[in-house]
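See below for the structure under consideration.
We call the chains A, B, C and D, going by the order they appear; numbering starts again at 1 in every chain.
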Amino acid sequence: MSNDFTARNIPDRLTSRGQRALKSWETLLVIIAVMVFVINALSSPYFLNPWNLSDATFNFTEKAMIAFAMAMLIVSGEIDLSVASIVALASTAMGFMMQAGFDTPTLVLTGLTVGVLCGAFNGVLVTRLGLPSIVVTIGTMSLFRGISYIVLGDTAYNGYPSSFAFFGQGYVWWVISFELVLFVIFALIYAVILHKTNFGRAVYAIGNNPIGAKFSGIRVERVKFILFLLTGLMSGIAAVCLTSRLGSTRPSIAFGWELEIVTMVVLGGVNILGGSGTIPGVVLAALIMGMVTFGFGLLNVPGIVMSIFIGLLLIAVIALPRLWTMANAARAGRKA
Amino acid sequence: MIKQFIKSREALLVLAILILLGLISTRFSGFIAPQNMASVFQDTSILIMLALGQMVVILTRCIDLSVASNLALTGMVVGLINVAAPDLPVPVLLLVAITLGAFLGAINGILVWKVDIPPIVVTLGTLTIYRGIIFLVSNGAWINAHEMSASFKAFPRYELLGLPVLSWMAVVTIILFYLLVVRTPLGRAFYAVGGNPHAAVYTGINVGFTRFMAFVIAGAISGVCGYLWVSRYAVAYVDIAGGFELEVVAACVIGGISIAGGIGTIGGAVLGALFLGIIKNALPVVDISPFWQLAISGSAIIIAVAVNARSERKKGRIILKKAEHAQ
Amino acid sequence: MLTSDPTAHKTTKAALSLRGISKEFPGVKALSDVSLNLYPGQVTALVGENGAGKSTIVKILTGIYQPNAGTIEVAGQKTEFPNAHAASAAGVTAIHQETVLFDDLSVAENIFIGHAPRGLFGLIDRAKMNANAQTILEQVGADIKPTARLRDLGIASKHMVAISRALSVDAQVVIMDEPTAALSHKEITELYDLVEKLKADGKAILFISHKFDEIFRIADRYTVFRDGQMAGEGLIENVSEDELVTMMVGRSVDQIYPKKEVEIGDPILTVSGYSHPTEFEDMSFDLREGEILGFYGLVGAGRSELMQALFGITKPSKGAIKIAGEIAIVRSPAEAIGRGIVYVPEDRGKQGAIIGLPIFQNVTLPSLHKTSKQGFLKLAEEFKLAREYTARLDLRAASLDQDIGELSGGNQQKVVIAKWLATQPRVIIVDEPTKGIDIGSKAAVHEFMGELATNGLAIIMVSSELPEILGMADRTIVMREGRKAGEFTRSEMTAEKLVRAAAGIKEKAA
Amino acid sequence: QETKRIALVVKALGIGFFEAAAKGAEEAAKELGDVEIIYTGPTDTTAEGQIEVINSLIAQNVDAIAVSANDTDALVPTLKKAMDRGITVISWDSGVAKEGRQMHLNPSSNPLIGNMIIKLAADNLPDGGDVAVLSATTTSTNQNTWIEEMNKVMGNYPGVNVVATVYGDDKADKSYTEAQGLMKSHPNLKAIIAPTSVGIVAAAQAVTDAGKAGEINVTGLGLPSEMAGHVDSGASKSFAIWNPIDLGYSATMIAYNLATGKATAEAGAEIPMGRMGAVTLDDNTEGAMADPFVYDASNVADFKDIF
């Protein structure tokens, strides 16, 4: 080899941690979140009240818990549209057990188990039979909720034991609700799993290039299966919280949540096509969506109008950076 | 030809539908009477039309989750126009519906084509935006039957040769889509773009524009269905057809339209929609609680994808000469 | 320009000429200031190593890519090809190197997509389209039904469809990018006849090929690209094979293949009777420490499939392997890696590099258990490992945190190799290790392979490039249609023997 | 004195019945002078939607919430929280379970309505026959109660059989489809009873479209403005309703009186409702406003422009 090809020392990174953080999606979300917070505080005198802020968290905690697992699943290039139906089925199963006279720990266990089983069902269909997850979960979305309808029909389960109420209505300390604590704990757990473990690295690798990941010795199917299990589990946990909060189970419980959760994940900067995204991003998106809903609510704006805003936000946050790059490229092109 | 058909997905679906009808008729023989079948078809017409619109979008490897919102918004706008100007003839309203629907579809299309946002994100966004706009334009108020003009409500019900116009609209849509998809360059481009977008570029097809057109067409169909829905049920409000987008996608999936793009037929989409329509109509008749409907259609979707995936499974390339002959 | 031929320019007017064309991709300068003239009734051969920029010029000529600089002239008229339509409207048609076909359309539709005959109301006239397709298919000597679905055809038939597609356009300029690579002997002869016929019709033909015999058989003129630049052009009758090679490579062959003599050790991998229902059959061989075992064959001979089976990607239907004398069952890549077998795949973009992940993460992906603690990542360790192995391969990159997709092909390949070396394997399988990478990187990869062999690693090298096989391999197995077609030691290996074995042509009577 | 903010939470925005109730609430507010009405609700008839709305009302610290509930039980925890924060909570029209409110205002006595809806059908069926019920959502408290009450008095109407009960979810299109299903599965159907203003219109439309106007009588509870056309066409011979304007008015008055401490909600208490008189609470702290009024071809035209 000729002499000018001396081995070079390649630096680990060119940009410092601070520089990277500054340019990240999360920074954009933090700015939006702060803006929403300030606007809310200015436009309603009721916003800056600890109890009210605490109440507002219920608007997103349950959905966000599912969104964490969903984020990982989407990073890996799959999706689960059946989450809301898993919540319904898990809740129905809990109601069934409650009527049969089981105690609170058993109810919780039932909810979680049903969640995991539903996740496993999706996982098997996707990884064993190699079916596209979007279609499979559109199917199981009908199936799971359909089972709830078959079981419950036009009736409802209510009369959950009072000890069960804690999960959705209990406070750990002052205004800090149990759900909020769960939300924070799961945010940390999922952030660690996705960003700090080998498993998380495998998820990113799969999302960017599943074939390449397989060729690198990653057990792609197994990782995906686990992700479906986790999504099912989180739906089960959300079912426990929601059922406890409502104190009753109807088959229509959590209807339409899947799209809100996917919106939360995408708004959080997770690429719907897989490969990138972070948990802090999803946490911020959850806070933003929760605050927007609550802020509009304080002004008695109907929920449907808030959703226009969320929809616009979803498209805008993805379109604007792209339009910006395109405009820059066009300008550079003209100069050249 | 016949041999080919027997092996096709459509044949399987026809068989499934026949078995289904057979089962239903053992419980309730009146169900398969021509008159009742005509009414089932009428009930399924809107689903068929939307499934066809969705099909061309899915063919190009996209998805349109906003069809139901588009339908509801267009329906509300047409309804409001009717309230404001009851004398405006129905053809004008139909034109408005098509144009508005196509425009809403074009917004999706532009965002996919020019800004390169994944279709699922775009239409997830417009799904909520369009729905919300209905509230803004209507102020949340319903338009009820008594506020609509008689001709507005009569159009889809008007009978021609024993079938209501609503059914004829579906028939015409099926024919037009057949011609579009099979006999026009754009229709073939849908398949090319979805089957192999990379190769499509080499054949001079503009991939982005083709997708845009698919969204516009799906939007136009949603628009027409918006008017039909509102006049048929004689009501317009924010939530009409809520969640219907998934039923439409389900009809496509059951009909063998591959979500990965490039594969699917008009017959498949129509049969998929009919399959769902028959189940929906039959359940109350055969005295199965309507609460079973959701679980049944869910299972149908899962079985359909599994079956399709099996037949679609790429034949391995064959290197060994022996194996090639054995095929 | 090194060689020019002033006489030709005067006698005939070029049907198409390119002047001063440059094309850049992020990180790669694919073409710089190249020119090309195509004359009616003549075949111009375009030669150059892998990655020299041949396909890129084809894509510029057909409107797929836009050049960063330069002009295109058709019949003396300056034009631009903003898309594929414009090019075919201007009378330029091409058989592309990759199959650009649609599996779910019929053969006739594949041939006519974009310019189908129209009938009533502007609708596609299917009957006419099928009839026209039939005519063209007969013309190229392909026995394929126009109504057949493309998915149901074999690779050679698909290629014939691609050729038919190019001929369905009434074009003055026909471009063929390695048209014979996937064809069998009989089809190749038919293709040659077709080229003669097109020539006779006065078409200008650009013919790209790596096979010298066919170039000398059908070409009238030649143009050589080296590293995206012009390295020569002229009449084929004025040039010898050696001269062409020198133009292509720019230096003598053994300079690039620094094969060292290595002490060959004990067998480390023994494969016996490996078979697969459709891809390969009864493959048996062994591999020794310090050895580079070449696998030669025509593209599509099934070498990659065999290697992927050894690596646990696909399952064999029969056969067994032993590693260092012990029977081993390999059901997944993870197991293969665990046993010390690693695979540098052929398709770098899809199977090798994980584009979207930074360099260091690519390197550590299969070795995460080494750099982590109880499943938790330790970034510092990762950077350390990545730095160690990328430095050994002399990687060129801005930082280890850079997305691997931003690197040139050669540097990507270095990262992929580094990734596997970091697992400290016993057997490394490299599949077309230098496909599409530039000369500098190529030399580095070869030198490094030699070094690894010296250190006692066993290497299987799949390659379709004869010089690479001849230059690097201690022993070579030739595959043809999924079976072993010959095995040669270094002293037995000659280009002719390998090519004959690969193509299934009997040895000439001595 | 500070203005009292009273929130009128309805099942869903946009429904004619509730729009009329809102008119009544505004009327009450004007009469009282120091009252601000917040008319709100979700856009679809779900409990979750109402919970979100109620949460934001709690945050605004309104003085009273008067809710027509989509679900008897699901709202209870949230409404309890509201009461804990000192907000007066009543339900009206469609009630919530006792723990979740201070009192409930029925538009009319439940047994009376239950009897009324079946009587309307039976009056036109001298020889008896098959009738079916088209209800709102499966979780609607008021509809479920009325149907229950109706079943109790079925014995008084020999020959009249209720062959099915289906649910249109208070969505016009779903109700329409359900009504169609009823006609298909019960060829001998003589009447459809829809104790919901959305369902009755949709059923009448479905009957008309099936060419069975005059053959199948659609009856139940509806608004004159929405039903006038169907009475004319013969699809509906008669239907009943109480005045929704009065209902909104009364709910507001009660909420005001409770919130200002002018009355307390306890069994046996009498709570004044302005021009509507006073309501007496039963053991369940429920009370009824007035009797329903029957509309038919003779009088519907007089009311169709009012509500």
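Note that in this section a residue touches a chain if its C-beta (ideal position, glycine included) is under 8 Å from a C-beta of that chain, and two chains touch if they have at least 3 such contacts.
Listed by chain with UniProt protein names: A = Autoinducer 2 import system permease protein LsrD; B = ABC transporter permease; C = Sugar ABC transporter ATP-binding protein.
Note that the coordinates shown come from a computational prediction; the quantities given were computed from them, not determined experimentally.
K.L.:
If you check the contacts of chain A and chain B, which chains show up for both?
P.N.:
Shared contacts of chain A and chain B: C, D.
K.L.:
Suppose chain centres are the mean of their C-alpha atoms. Which chain sits farthest from chain D?
P.N.:
Measuring from the centre of chain D, the most distant chain centre belongs to C.
K.L.:
Going by the contact definition above, tell me which chain pair has the most C-beta pairs touching.
P.N.:
Here the largest contact count links A-B.
K.L.:
Please work out the Cα centroid separation of chain B and chain D, and write it as a whole number of Å.
P.N.:
Taking the mean C-alpha position of each chain, the two centres sit 36 Å apart.
K.L.:
CA centre of chain B versus CA centre of chain C: separation in Å?
P.N.:
Going by mean C-alpha positions, chain B sits 43 Å from chain C.
K.L.:
Mind pulling the chain B residues that touch 2 or more other chains?
P.N.:
135, 140, 238 - these are the residues of chain B that touch more than one other chain.
K.L.:
Could you list the positions in chain A whose residues touch two or more of the other chains?
P.N.:
Expected reply: 153-154, 302, 304.
K.L.:
Touching two or more other chains, which residues of chain D qualify?
P.N.:
Within chain D, the residues that touch at least two other chains are 13, 43.
K.L.:
If you go through all the chains, which pairs of them touch?
P.N.:
Pairs flagged as touching, ordered by label: A-B, A-C, A-D, B-C, B-D.
K.L.:
Where on chain A is chain B touching in the complex?
P.N.:
That would be residues 125, 129-132, 134-136, 138-147, 149-150, 152-154, 251, 256, 259, 262-263, 266, 272-273, 302, 304-305, 307-308, 310-312, 314-315, 318-319, 322-323, 326 of chain A.
K.L.:
Touching residues of chain D toward chain A in the complex: what are they?
P.N.:
Chain D reaches chain A through residues 13, 38, 40-43, 46-49, 51-53, 55-56, 58-61, 71, 73-74, 76-77, 81, 85, 138-139, 167.
K.L.:
Quick check: in the complex, which residue numbers of chain B touch chain C?
P.N.:
179, 182-185, 188-189, 191-192, 195-196, 198-206, 262-263, 314-324
K.L.:
What residues on chain C touch chain B, complex-wise?
P.N.:
Within the complex, chain C contacts chain B at residues 62-64, 83-88, 96, 99-105, 109, 113-114, 116, 122-124, 126, 151-152, 154-155, 277-281, 300-302, 305, 481-483.
K.L.:
Given the complex with chain B, which residues does chain D contribute to the contact?
P.N.:
12-16, 19, 43-44, 166, 171-173, 176-178, 180-182, 184-185, 187, 201-202, 205, 209, 225-230, 304
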